[in-house]
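Take a look at the following structure, please.
Note that the chains are named A, B, C and D in the order they appear, and that numbering of residues resets to 1 at the start of each chain.
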Amino acid sequence: MEAISHFIAGNAYQGDDDRSGAVFNPSDGSTLYQCRYASKATLDHAVSVAAAAGRAWAKASQARRLEVIFRMRQLVVENTDKLAELIGLENGKTIADAKGEISRGLEAVDFATSVAQVTKGEYSYNVGGGIDVFSIRQPVGIVGCIAPFNFPAMVPLMMTSMAIASGNAVILKPSERVPGAAILIGELWRQAGLPDGVWNAVNGDKDVVDAILENPQIGAISFVGSTHVGEYIYQKGCAHGKRVAAYTGGKNHMVVMPDADMESAASAFVSAGYGSSSQRCMAVSLVLAVGEGTAERLRGLMVPMIEALHVGSYDDPKADFGAVVTANAKQFVEQAIAEAVTDGAELVVDGRGFVVPGLESGFYTGATLLDHVTMDMNFWKSEIFGPARGIMRVKDLDEAITITNAHEYGNGAVIFTRSGHAAHRFIEEVEAGMQGVNVAVPVPVGHHNFGGLRRSKFGDAHMFGPDAARFYTKMKTVSQRWPKPDQEEAALSLAFPGNN
Amino acid sequence: MEAISHFIAGNAYQGDDDRSGAVFNPSDGSTLYQCRYASKATLDHAVSVAAAAGRAWAKASQARRLEVIFRMRQLVVENTDKLAELIGLENGKTIADAKGEISRGLEAVDFATSVAQVTKGEYSYNVGGGIDVFSIRQPVGIVGCIAPFNFPAMVPLMMTSMAIASGNAVILKPSERVPGAAILIGELWRQAGLPDGVWNAVNGDKDVVDAILENPQIGAISFVGSTHVGEYIYQKGCAHGKRVAAYTGGKNHMVVMPDADMESAASAFVSAGYGSSSQRCMAVSLVLAVGEGTAERLRGLMVPMIEALHVGSYDDPKADFGAVVTANAKQFVEQAIAEAVTDGAELVVDGRGFVVPGLESGFYTGATLLDHVTMDMNFWKSEIFGPARGIMRVKDLDEAITITNAHEYGNGAVIFTRSGHAAHRFIEEVEAGMQGVNVAVPVPVGHHNFGGLRRSKFGDAHMFGPDAARFYTKMKTVSQRWPKPDQEEAALSLAFPGNN
Amino acid sequence: MEAISHFIAGNAYQGDDDRSGAVFNPSDGSTLYQCRYASKATLDHAVSVAAAAGRAWAKASQARRLEVIFRMRQLVVENTDKLAELIGLENGKTIADAKGEISRGLEAVDFATSVAQVTKGEYSYNVGGGIDVFSIRQPVGIVGCIAPFNFPAMVPLMMTSMAIASGNAVILKPSERVPGAAILIGELWRQAGLPDGVWNAVNGDKDVVDAILENPQIGAISFVGSTHVGEYIYQKGCAHGKRVAAYTGGKNHMVVMPDADMESAASAFVSAGYGSSSQRCMAVSLVLAVGEGTAERLRGLMVPMIEALHVGSYDDPKADFGAVVTANAKQFVEQAIAEAVTDGAELVVDGRGFVVPGLESGFYTGATLLDHVTMDMNFWKSEIFGPARGIMRVKDLDEAITITNAHEYGNGAVIFTRSGHAAHRFIEEVEAGMQGVNVAVPVPVGHHNFGGLRRSKFGDAHMFGPDAARFYTKMKTVSQRWPKPDQEEAALSLAFPGNN
Amino acid sequence: MEAISHFIAGNAYQGDDDRSGAVFNPSDGSTLYQCRYASKATLDHAVSVAAAAGRAWAKASQARRLEVIFRMRQLVVENTDKLAELIGLENGKTIADAKGEISRGLEAVDFATSVAQVTKGEYSYNVGGGIDVFSIRQPVGIVGCIAPFNFPAMVPLMMTSMAIASGNAVILKPSERVPGAAILIGELWRQAGLPDGVWNAVNGDKDVVDAILENPQIGAISFVGSTHVGEYIYQKGCAHGKRVAAYTGGKNHMVVMPDADMESAASAFVSAGYGSSSQRCMAVSLVLAVGEGTAERLRGLMVPMIEALHVGSYDDPKADFGAVVTANAKQFVEQAIAEAVTDGAELVVDGRGFVVPGLESGFYTGATLLDHVTMDMNFWKSEIFGPARGIMRVKDLDEAITITNAHEYGNGAVIFTRSGHAAHRFIEEVEAGMQGVNVAVPVPVGHHNFGGLRRSKFGDAHMFGPDAARFYTKMKTVSQRWPKPDQEEAALSLAFPGNN
């Protein structure tokens, strides 16, 4: 069985790594192949390659860089099927879901074509004393991108497109669960004309993460993953003088007001709650039904929808969602369900022990719904990365906002209502970075900034949207005055200069 | 002798602090008064005051906040003499220099009147599926501002004006050497109509800094000071989940090309090098003369200017600069000079042992010039916060850029030339955040961003210029769709939603 | 009786004008004084003064200009009472209303302090071939500002503050009905330190308007007034090669949905409809009640409010509104009421023939309400600049939008509703430049653009908000490359150059 | 011989037009085919098609529109050879030159992918009284684009890409000399998925221009062409209430300072002066040599380059440039040369009577150089749209700037120098919209605004760069407040509302 290697300097790279791990097919539980884990030497090699390639790429003109981005855009479109198959195979999500992921990743490539617009400096003419002040943005150099298993293509595309468009070299560490899409994306960049060494991928686990954080030539770190790891990366990255944007966990509350369009709300909850086996940081975790009547109506609408969901292999065209990523993940979800029941939640739909005939070793858990979830339960406190969702019953908008803000995470939050006032109050008061009004997965479009608040994001920077261009560049501000050809009088003044 | 206290909730606050330190008059070496050092309990009291006041201030409308900023602007203008006297008394800088400082601080207040413009969110109409996406910025809550001794009014005004204008409460810790200006500024904010508790000052040393960094209610830290302390603050602040902007040391190289206007260059060097006894992070540290001819011409012009500089008490209207801030600072500078001579530099003008008649206990050092400074000397490696400056002789622009980039600091860098090409190359290649072309102190005007690179700034954020408004606020992005009054079809789709 | 003169070069100017007109006190019908009407020679003198002063002012630094704007801001605050008295005396509006006007004019001065931010050029580094591209904005030169009688201070402040802040000279022609405030504002600019000749006012009627439009040294025209005149000015100004922004008439429809807060809606209609005797281009003209029930509830709430309105002299502190501007205006309104009744409208409250005891010659009309107004009536088609307002009854939002869009004017439009969907649909579909959702007078705040659509504004430019800075400046875009000191190869290529 | 028709609703359209004109092959003087000239009825048909298609397109989401733009981008790349052949055939320019033109047109398509970024509205939260203010941009509706013969593909792509990306329908009237490229571009838009009727082309001359200007459904006019026609279009379009951006003639002065890189300057002059037979509004018209020495050196370098230029058929790969567009154009240039000689200019290189063997009927004029051109000659005053260029001799930069500013046109202006001061002074003082520093054709990159000053552009709007998105859209500003669910107190106040 062939092992997956790294992608360095435009080619597969076989280092001296002596560690590796298995990549599974979650849909049938089989091992697909081994993935080599990079040693520190391999990472340092990748960095030296990136440093050299990055210096040249930083000097490339905007026109030259844009040409590559536009070609890459076209190549992603043309390779959608191939990418989707790889994603589904390694991650377990359905092909339709994988294509949805790719379309959002493509949006990041699309927006990278706006790089010249969003990295413009400013020019002020004659601020005082004949001085003009202007600013330019230059790439930070090498960006380390540490990506999660749940979006094998979208997150790498989001992280690296703007980084490359603004003149950086990147070293991507994809999740060791899903290394395949990253290698294909690297290949597409090569075909797009990106010089070798500007885009590199190294595989591995915590060892290579540490090597990335400690390497002094890497100037910025983009991370998406769990809060536990993200906080570690933020602290260690900052301690090593890097700029760090770490996007971490979520617990996305969906508040449904009595005036909402109930059918839409129910449908949105099921779609946004269980899609991708709930393995999305922006998945709806819980519905907070305002008033008992709302709770009953929603439950009545949702249960049949949930029961009708078809769970199956990634390549089953009838499947609504597929397996979770590992056997451990399946076990974690099923234990969380059991614990919630013990804690007093009502188990309305039980997806535990679900088996797809013929794929008995696949990592499946069926769609599960719990009602009467409360704040004292671990089921509320923890992020559940698997298809178990819950209903909380609240008496009014005040209580809904209080609960939403009491959680440690502030990634997404959603309200379904027809009332302008309820929506506005929600937006103002809820401490979440991405909010939806009658939109269940409020991942903003690629030309807006994406990022959570509280413990859902560490650092005030962004790796998506227009602010990504700021994160991936550093600013120089120049004060410029040109002396006349003939000698000027040279007045001496040691007082602190004002602008007059 | 009365002790200076803290300014909390609009009034002087006497806590249970049991520590204090002396505030000196550097111009005569006398002790002016004691300054109380805040205990953790005092800081926590200030934070709880600020938290309550801040919640209300965050809800104040833009119109309400702007009214206060405009009034504050007027009050700073009207109180310039009073502020300048306090600055000179405690810091030692001349009144003219203090007024220069205030005029730049005023620029920050001026720019804070643009807050509504620079905190505007973005609105995208119908990005897909009838969804509008928009963003808003809200204050981070409480900002801890830790200010240095060398700009007792300017830095506090720069840090706090935009923070307050954008809806935050602030807790300022001025330098314990110069607490007076901060108290007066607090009083002016009160007169301007700022609600009590929005602006607070606590005095102290490292203990209170630690208390600020550890307090979970403080969301952002602005720091200006030494690199040693700034790095500590950045790492500790980040570890406590705060956003941190730490502006630290500088070693500002001034490159003079053979085609420069030599009289201007010489005059600029002396003004920007020795002003404020060189106690500015943006002071020119060294001139890098390109070619021996340039070195000779510059030295010939500079030496008489330096020898003519008048050093005296802050209130001596003839003084070009005054004392350094403490006896220790004086000792440090004079030792650095001695070490440089030992290391092989030529002592051209020697200001050691300088005494102002009648003020024999003042902390004076005269203007000192060393020639033939080289990269192996501590005199090049260290930031010298006192009036000893040096000449380095380089053969061409390449060498000048190499030396400038070899230093650990990247605050300011300056070139004097008439050549468009030399200036452009310098801007492109020199790794400094603020650059001057024929401008010796390239502190940009208040509507541009200020901040160094490399170890002159920790974190990618800004506390000055338009980016300050980003640093002091957090962003929410909203995806909003309004359902029609009549029931819509509720299509279920668990694939990741694209934008169509 | 003294005649009011022009304000040129910082002083009253007595030209050779042989024409003049009376300025009335509408509150008692008396003639206050004569106002000289500028001859073409007077206007040309003003232009030559402005041209010389403008050339110097255009070269003043941003710092220098901002200082003047900040001082002006303070002077307007300090002279509010004096300005309000002049406005009330000549225009007839109440002192409270005049102060409201001044506070909005002040907002324009406030926003002019953001000029440096909003006139920044852009800088792109290495777009291709080593070329940097950047842009600067420079003043257009002389701006002709033609202001209406209904906002004697606000419109002149709005027009001239940003024009001056961005480096232009201005020639203001205030309405010949209300010349006083303009002269005082000119005096305040002088006190603020604006160099003489940068701000000038000439009085007069159509003759001086023509002289302004024909003078080749005037580069831009700002106009607020009637559509008839505005269209003339736009066409003639454009034909003379000037840029023109002409803000003209309005007929502002207020749609009230059945779910609206009826008390608020009724109160908003009365306030926004009758304030300033309805002599505002942003006054609500008509309420469109959706559904008969809404119409009845609104009428029931509104009629007692309208009947209780107190009409009186500008200096009567109990007055809700005052006289209209001239005897002609009074006659026009009362005829419009009569015609509406003839056309079939129901006269619910009749304010015709209203007399203030002791002020029998004042130009008063009482508050008038008509119901069952329809689209075939002149009362709907014409802008009524006096206190007669109407109710239209519509069956649904569709009909309300259709009527609103059928009018030739598209200045303001307002909806009162609690529904997010209704508001969003209104915003999308209604062709009005300024829209209100539960806000009756949607004049946007000074940092947003103001301007109508359709025949309510001629030209796509703005004279308020950030876009004013664009209108009052012209852009230069520079492509810059610096050759190396040594000779480069000079490749000849006559193909059209791309960016590589 | 087939006649070229119009492109309406996605197909060739044969109207009832009874007029037509010949399209020539300038390279051999033959007639290629006839081009039908649209009647008013044909234009009105196109407008009604565009109106219907435009209404739907205006409602398409950003995502939907962007997809089309990205596909169009790819199609232009793939069809470059085909487009270039058509351009060369009808216009006479060389294939290499045509490809350069297409690459700049492609830049406009590229930048149209930034439309979502550059049309973002602004959002201000709680400006006062609980009101949020935000703005949106919507398409103007139908844009009439009137394009010149000299860039048959670039100008149509520039005009229409952003217009379509921002939601408008367009009616393009290409030059009747070169109708072919427009038809092909229309076909590519169709292939890109643009709904039929959004992009239309009608052919014709002044009659159809008048029909466009008079049609009330067309909201905006983009024009590039001669000043005579542009001024007419601006005045007539404005009189019909449309927004108009008219880019007209140029006379682009190139100042060469004594310190310039002479080889580069000479080469740039020949390339930018004679390329495309000088039929570019941004062609360098004249070199202003500062000092006799500069003039002699430049002339010495330029003459051999000019004499070596190869003139030939558009498809001759050795040709540096080709024929001018018509026999009339050839005659006009040759008369202008004769007149200049009569007026006293020295004829250094005479290109009159030039014949390409085998193509004796082609419209060729050889490269011509005149020296000692002066401001009193028509050769200076007129735009010469053919390969006759001149040298003016000036004594210093002052004189060079004076001459440049004395011309009625202010399109482009260029300086060659190594001096930062000379370049800065030139930028500040020269009244030209596009300036070059050591760049001979300062057409800015697509993400910057393009447009001349003085009589080189009518109207302050832009049709290129980010400002195009403003020109092609209209703004609505919304003031929004949401009432609480429970009744609020409804305070009545008729004073003009401030923001508190």
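We adopt the following convention: contacts are C-beta pairs under 8 Å (C-beta built on N, C-alpha and C of every residue); 3 or more make two chains touch, one makes a residue touch a chain.
Only a predicted model underlies this, so the values are computations on that prediction, with no experimental measurement involved.
A count of contacting C-beta pairs for A-B and for B-D identifies A-B as the more extensively joined pair.
Relative to the C-alpha centre of chain A, the farthest chain centre belongs to C.
Annotation: 43 Å between the Cα-based centres of chain A and chain D. Averaged Cα coordinates give chain A a centre that lies 35 Å from the centre of chain B. Chain geometry summary: the mean Cα position of chain B and that of chain D are 48 Å apart. Among the residues of chain C, those touching two or more other chains are numbered 62-63, 116, 120, 122, 124-125, 127-128, 135-136, 138, 418-421, 423, 428, 437, 445, 447, 480, 482-483, 485, 498-499. By the touch criterion stated above, chain C contacts chain A in their complex at residues 59, 61-64, 116, 119-130, 134-138, 417-421, 423, 437, 498-500.
By the touch criterion given at the top, residues 62-63, 66, 70, 73-74, 110-111, 113-114, 116-118, 120, 125, 132, 419-425, 428, 445, 447, 466, 480, 482-485 of chain D touch chain A in their complex. Contacts from chain D toward chain C in the complex involve residues 94, 96-97, 99-101, 103-104, 107, 122, 124, 127-128, 131, 133, 135-136, 138, 154, 220, 231, 234-235, 238-239, 241, 243, 260-261, 263-264, 266-268, 270-271, 274-276, 280, 305, 309, 320-321, 418, 423, 427-428, 432-439, 441-445, 447-451, 453, 455, 458-461, 465, 470-471, 474-483, 485, 487-499.
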